[in-house]
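Going by the order they are written in, the chains are A, B, C and D; count residues from 1 in each one.
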Amino acid sequence: MRDVPLLIIGAGPAGLSAAYRAAEAGCDVLLLERAKKIGGQLVKQTHKFFGSEKQFASTRGIHIVDILAGRTKDLPGKVEILTDATVLGIYEDGVVTADIAGTIEKIRPQAVIVATGAYERTLAFPGNDLPGVYGAGAVQTLMNEYGIKPGDQVLMVGAGNIGLIVSYQLMQAGVKVKAVIDAADRIGGYLVHASKIRRAGVPILVRHTVEAALGDSEVEQAVIVEIDDEWQPIKETRQVLDVDVICVAVGLSPLADLLYQAGAKSFYISPLGGHVPLRDQNMMTTLENIYIAGDVAGIEEASSAMVEGELAGVAAAQKLGYETPDTDQLKESCLAELRQLRAGPTGGKIRTGLALAGVYS
Amino acid sequence: MNRIEHHPILTFPEKRTLTFYFDGKALSGKEGDTIASALHAAGVRVLGHHFKSHRPRGFYCAIGNCSSCLMVVNGVPNVRVCVEQLEEGMDVRSQNDKGVLP
Amino acid sequence: MRKTADVVIIGAGISGLAIGVHLAKKGVKDIVILEKTFPGNGATGRCGAGIRMQWGVELNCLLSKFSVEYFENVNEILKNDVDVEFWQGGYLIGAKDELEAEQFRKNVTLQNSLGIESSYLSPEEAKDMMPHLDVSHIKAATFCGRDGHLNPFKTVEAFVKAAMDLGIDIEKNTIVTGIEKTGGRVSGVKTDKGDIKAPIVVNAAGGWSKQMAELAGADLPVYSRRHQILVTEPVEPLQSAMFMGFGLNIYIQQVPHGPFIMGRGDADEPTDLRMTSSWKFLNDMAETVTTLMPRLARLKVVRQWAGLYNMTSDAQPIYDEAPEAKGFYHACGFSGHGFMLAPATGQLMSELILGETPSIDISSLGIDRFKGDMLLPLESSVV
Amino acid sequence: MSYDKFEQTGLAGPHEMSTCLPSEEQRKKGPYAVIECFEEIPCNPCVMSCTFDAILPFEDVNSLPLVDFDKCTGCAVCAGICPGLAIFIVDESKPGDFGTLRLPYEYWPLPEKGQTVMALSREGGDVEPVEVVAISNVKGARTPLVTLRLPKDKLQDIRGFRFLSEEEQAALKDDTEAEKTADIESLESPIVCRCEGVTLAEIRDLIAAGCHTVEEIKHLSRAGMGPCQGRTCRQIIMGELMRAGIGKTEDMPPGSFRPPGGTVTLGQLAEGGDSDA
């Protein structure tokens, strides 16, 4: 049994930011990451980040990992980062079990920050399980982590930021993107991303859905169709595309399994991506000393995940008695940054969601 | 080969080649590959067939969430090959049933 | 929801459903089953759903024999074709020590005298039957090939279908908030969805039966204890029989679908209606099973969960009318065996309620036994 | 609801472009930045990067960038850092019929100076062959900028290029016109639960039969009982419940989540079973 003041689960942008702020306040941190390397989804983000200077705007995600990890060194509190470490459960007696490189360990933390991120949603269409139908994250992993093309010709389903960015990344890797489609009646992602891939000759078709993946043992073709106001297919508009990959980028849902198991209260909040654990201003859930940050608290951009991580890190450390004269001011500035990031029209969905969750003022 | 040789942003340094066996056939992957990435690089996307529907199976998430990429690795069934590191000489086989415990 | 009923049953677990189906088959109209969530979501859907005739006391042997025969013909009886996945691979029960082996000899004699074809096996014979079992940990074993297990969800589905075909109303998501009495007799049930007048109310609330009894002003000498269980990934068939040990503290089966399901008891488990899981159970269960069956060490755990055993002090059920409230019947205290006893529970409770001669003498299962010194001999064949 | 064309196509039109171009006078004095950023998103590196204060200060991080063309020198620092790759540097100040366009380019390979490439419109359509006159090759955060020599009257229409040597890429509609009659209806029902092989048709049947929670559907179909623990199917099932008009409320139960939250073998658990708590 290992006793630690603060356990952080997930070394993505939120978890790394939380570790930095907590250790800065003098709190020792154990940070567990399921993957073999830290950074979460940042390791696949070859594009430059939006946001402002504080969230490393204009730096590529792949480079932000090093910055975030570098910040956790030489602080008053010690940050121990373990990779290949999957948390199995947060149990009622406060014990957290983890599979650390194949060995089961038990950890007794005084506080926990859950920063487990999200998982990819999928779609139900005939043939949706054929090899070649991949989540956008999978395509990114193959290309940007392992340097492997997922195929030669891609249909992208989803014109949100992920769909647009991954389309762009596919083209950067030399893969042809046949079309980007989205069932909504507007492009969901940032329009600068859309313009960028339009310039490369990729059509974006709104009010279109994928009807089927065709192929005997792998994807050989995709059937797409325009939909009407009732979201019903207009059969005359059916098109068959020769593609070997159908990339599904239809959104993310918070990966909150550990929190449900532990008994945290949650609400189904559609604009935040699904069931979201409730939390207070300090990112603490309905369970004493269990905090959340990042996509697990509602799907947003990495920039807000980092700020939420910092907030949770400061707040959790403070709760455990690690405080500096700046603590309250730091929390205020995190909240102000979050308000800024969510202030514009593109933050409207997040604001609605957070209002439903009762956490946005 | 589906490896990206040139990329405007990323560099993929040359890594040691690893030989492994897929359904008895020798294939090569690179150090740092997962079993699934090495198979993809070699053009193998059908990793097995579902035990009930017998439909072909590939991965969906590539990060260990969806459990759609189960294969028999060195005789052990139900290994998620998207997160299992490739090793020299590995015996990787398609799984078309629920798996037989070694 | 209807305003009056002839019989209201609290709980749409396997017991409540079986009681309802049996009453309806005997011609009782207007039966309502109240369920706080959905059918089978309590202990029924959380149990191992095993059924065995190898018991240490006569009554349990008889009750479970009734149930085995019932499940063997369940589609005929319930008049539907739901596949309840009744797998009669037998139960192989291992004795941990000489003392237990001695008890097993007596058990087999008793079982055989009641027409249950069980046999006493040496460790070597057990090994032949279950090669992956490390028999160095057992002194002897017993086996009965007609024992087995079912799919609890499918069994519930079969009973729900039968109940609906018989005109029974199952009110889901309905919470019982009170039980009405008039002059010492039960007269109705209050719920969050409205009240129902009824002269007969059956308490089949499993883990919550004590709380339901209290609403009727009745004292019920039961308590609930959490029991945990886990399921693994599916693998190709390896084990046909359920393996069980009382001293060894384990039951483990491979269900037809492929996964192994296993559980064990723990006297330290909470008794406060909690259905949470513990890491200690995972540890202890894994240690127990990998000692007995080293080959399973490579098997991956998929889920753990918990349900409530509704316990009595002699580990046998209560089938009786509450002395404090005429017309209020208890069918509870199953102590972990409610699923396998359910067909007998349905039959016997319907007979008790309708004043018929019971098919099996259950006079010893009355609630009075806990007041004096009439406790039954403790059933030792339990996990 | 209807949206601007821009929001459906991602293509800036005359309306958008009218907000980001300098006056005739200003165009003559030297190169200038065209910032094609028409949506308020939380992003401000451009304004922070400009050493000439030529991008007007933001009210907040979501503000739209506006260029003070009197101050803009066309230095292109902003174009190299813009995460949206939405900034172009246009120079039409030199006499004659030709000007230059510097555009961000993040594909491999970069063109070579002097190479002829096919200029592309905002839609990616071919315009005409043009010459590459300069390349800034910067890997890392900064984006390489490629300068094209263009006819002055096409400076605001061209926003990309492709290599001439590449094969013509078939436009979407040319694909397989004849196969429009794919027999979708006869295909197998989509898979909802990959682990257990449960189809959408099975889920819909259960919902129609009165199963109104994720948990009930799980009990009867096994969807969500496999090794992935519902990570693939749960959202689809909840979507189907909503489509059926059942789970509209915020308190729709997500069904159970059971530990352990990762794959772990009995052997590992037994090894780690130090009951030293």
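Simple rule for what comes next: a residue touches a chain if its C-beta (ideal position, glycine included) is under 8 Å from a C-beta of that chain, and two chains touch if they have at least 3 such contacts.
What you see is a predicted model; the values in this text were computed from it and never measured.
Chemist: What chain sits nearest the middle when you go by CA atom centres?
Modeler: A
Chemist: Looking at chain pairs A-C and C-D, which one is connected by more C-beta pairs in contact?
Modeler: Pair with more contacting C-beta pairs, A-C versus C-D: C-D.
Chemist: Using mean CA coordinates as chain centres, what's the gap between chain B and chain C in Å?
Modeler: 45
Chemist: For chain C and chain D, let me know how many angstrom lie between their CA-based centres, rounded off.
Modeler: Once rounded, the distance between the two centres reads 56 Å.
Chemist: Between chain B and chain D, what is the gap in Å from one C-alpha centre to the other?
Modeler: 29
Chemist: Enumerate the residues of chain A that touch no fewer than two other chains.
Modeler: Residues 34, 60, 88-89, 91, 93, 95, 97, 106, 119, 122, 129, 172, 174, 255, 261 of chain A touch two or more partner chains.
Chemist: Provide the list of chain B residues touching at least two other chains, using ranges where the numbers run on.
Modeler: 6-9, 50-51, 55, 57, 60-61, 65-66, 68, 78, in rising order.
Chemist: What are the residues of chain C that contact at least two other chains?
Modeler: 233, 277, 279, 282, 296, 298-300
Chemist: Based on which chains are in contact, what kind of graph results: line, ring, star, complete or other?
Modeler: Contact pattern: complete, every chain touching every other.
Chemist: Going by the contact rule set out above, which residues of chain A touch chain C in the complex?
Modeler: 88-89, 91-93, 95, 97, 106, 261, 263
Chemist: List the residues on chain C that touch chain D in their complex, please.
Modeler: 38, 40-41, 45, 153-154, 156-157, 231-233, 257, 277, 279-280, 282-287, 289-291, 296-305
Chemist: Going by the contact rule at the top, pick out the chain A residues touching chain B in the complex.
Modeler: 34-36, 46, 60, 62, 119-120, 122, 129-135, 137-138, 141-151, 172-174, 217-218, 255
Chemist: Across the complex, what residues on chain D touch chain A?
Modeler: Touching chain A: residues 1-3, 6-12, 36-45, 48-49, 60-62, 81-86, 106-108, 120-125, 140-141, 143, 159-160, 162, 169, 172-173, 175-176, 179-182, 184, 187-192, 194, 200, 229, 231-232, 235-236, 238, 247, 249-252, 254, 256-262, 264, 268-269, 271-274, 276-277 of chain D.
Chemist: Any idea which chain D residues touch chain C in the complex?
Modeler: Where chain D meets chain C, its residues are 211, 213, 215-216, 219-220, 222, 225-227, 229, 256, 258-260, 263-270, 272-273, 275, 277.
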